[in-house]
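First, the structure itself, so that you have it in front of you.
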Amino acid sequence: MAYGIDYLLENFALEQAVLKYCTAVDKLDDLDFMMTNFTEDAVLDLTGLELPRFEGHEQIRGFYTQVFADVSHHMHVLTNFRTVKLEGDDAQIHAYVTGMGRSKAGIDMQVFVYYDLDMRKVDGTWKIGRFYEAPQLPMPESVAQVHKKN
Amino acid sequence: MAYGIDYLLENFALEQAVLKYCTAVDKLDDLDFMMTNFTEDAVLDLTGLELPRFEGHEQIRGFYTQVFADVSHHMHVLTNFRTVKLEGDDAQIHAYVTGMGRSKAGIDMQVFVYYDLDMRKVDGTWKIGRFYEAPQLPMPESVAQVHKKN
Amino acid sequence: MAYGIDYLLENFALEQAVLKYCTAVDKLDDLDFMMTNFTEDAVLDLTGLELPRFEGHEQIRGFYTQVFADVSHHMHVLTNFRTVKLEGDDAQIHAYVTGMGRSKAGIDMQVFVYYDLDMRKVDGTWKIGRFYEAPQLPMPESVAQVHKKN
């Protein structure tokens, strides 16, 4: 398959958008910056991790408010980034993420997941419209301990 | 060193080709898709892992048939991708792979290897002509337990 | 944000430059090749790891001489590469590195850090002018055991 320049540029912009999300979740202290990653009607679907599904900025912000309150260290390692669909201002992304962190309670987490994202270009900027992740390798117990406590 | 657009496009196409191989080995259920990654005369040389060397589609397909039968989870994390040679329709790739998985017998594997691949462009698509991998870090026992049992 | 071709080419050249550093530190046997990664006036600031700060080629070469003498295996996995500043021949890079290795004394190391690098283009080639790294996740004891012994 041959790729052209325009495809390369869009793929790069999409990867930068997903890296920006990783940066935001790893900063752990800037909810406004986090929310710039999501479209207004975004769905954050964590049912693949046996966690809830959040719809819209208010619910999504609420989730990250809790995450940032619970976690002291984060590192989301993004690899195997692939644009599996690109149609105008809509795209679908698959990628691997090794998600690591330590909770303020001292629990270390390490999960091996894939991301399946619908991206939408809003005013020239790619944002996440649907965020889904699920285990690529079997999950450890630590995630439920930290994120399901409420 | 300055890179031009044509180099960037070929490097991207090569990386997509290697990512496609990772996707195929992690799907664990589509041998036909796996075989599209290899040239007809490909060599899969696993002697760097103290495993056999396979020549041609029949032997290579046989190997992955066994792998897919033995393994329940796979995740091949591709990083440090470098095109070390690019001459027309021939290229050589170096990359790191953190290869993880769980066998159906319940053995967890995690290996840290480098890939050294010869790629050939066939009808406009990059395929693997020679696949070699070897440990970048010392190997654990688990790999031999899963893959050398026969 | 829209990216253009020139930005893509520079970002690629910068990533290749940082990958080249990773290759050099993982080869463990070529000090001259290692030193081609650094500008003449480079600063290698490891204070974020509670290790020293080295200025100029002589001091930096001295550090890697010791590293190469102490370590038998290295693997520096580079991900989440971002060009956070690009102004002519100056750039700033953020990236994640999972740094792994085994010392000749048999100690296994695994650290999860971020790189914060100032890059400068010298005769058309990006080199490291300021190298800073610090833990993204809490550090294990193993690093101090291997690198602080003198």
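A, B and C are the chain letters, set down in written order, and residue numbers restart from 1 in every chain.
Quick note on the criterion: a residue touches a chain if its C-beta (ideal position, glycine included) is under 8 Å from a C-beta of that chain, and two chains touch if they have at least 3 such contacts.
Bear in mind that the values here come from a model prediction, so they are computed numbers and not experimental data.
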{"item": "Intersection of contact partners for chain A and chain B", "value": "C"}
{"item": "Interface composition of copies chain B and chain C: same or different, split at half", "value": "different"}
{"item": "Distance from chain C to chain B - Cα centre to Cα centre, in angstrom", "value": "27"}
{"item": "Touching two or more other chains - residue numbers and ranges from chain C", "value": "5, 8, 79"}
{"item": "Parts of chain A lying in touch with chain B, wherever the complex brings them together", "value": "1-5, 8, 11, 79-80, 82, 96, 98, 112, 136-138"}
{"item": "Residues of chain B defined as touching chain A within the complex", "value": "5, 8-9, 12-13, 16, 19, 22-23, 26, 73, 75-79, 100-102, 124-125"}
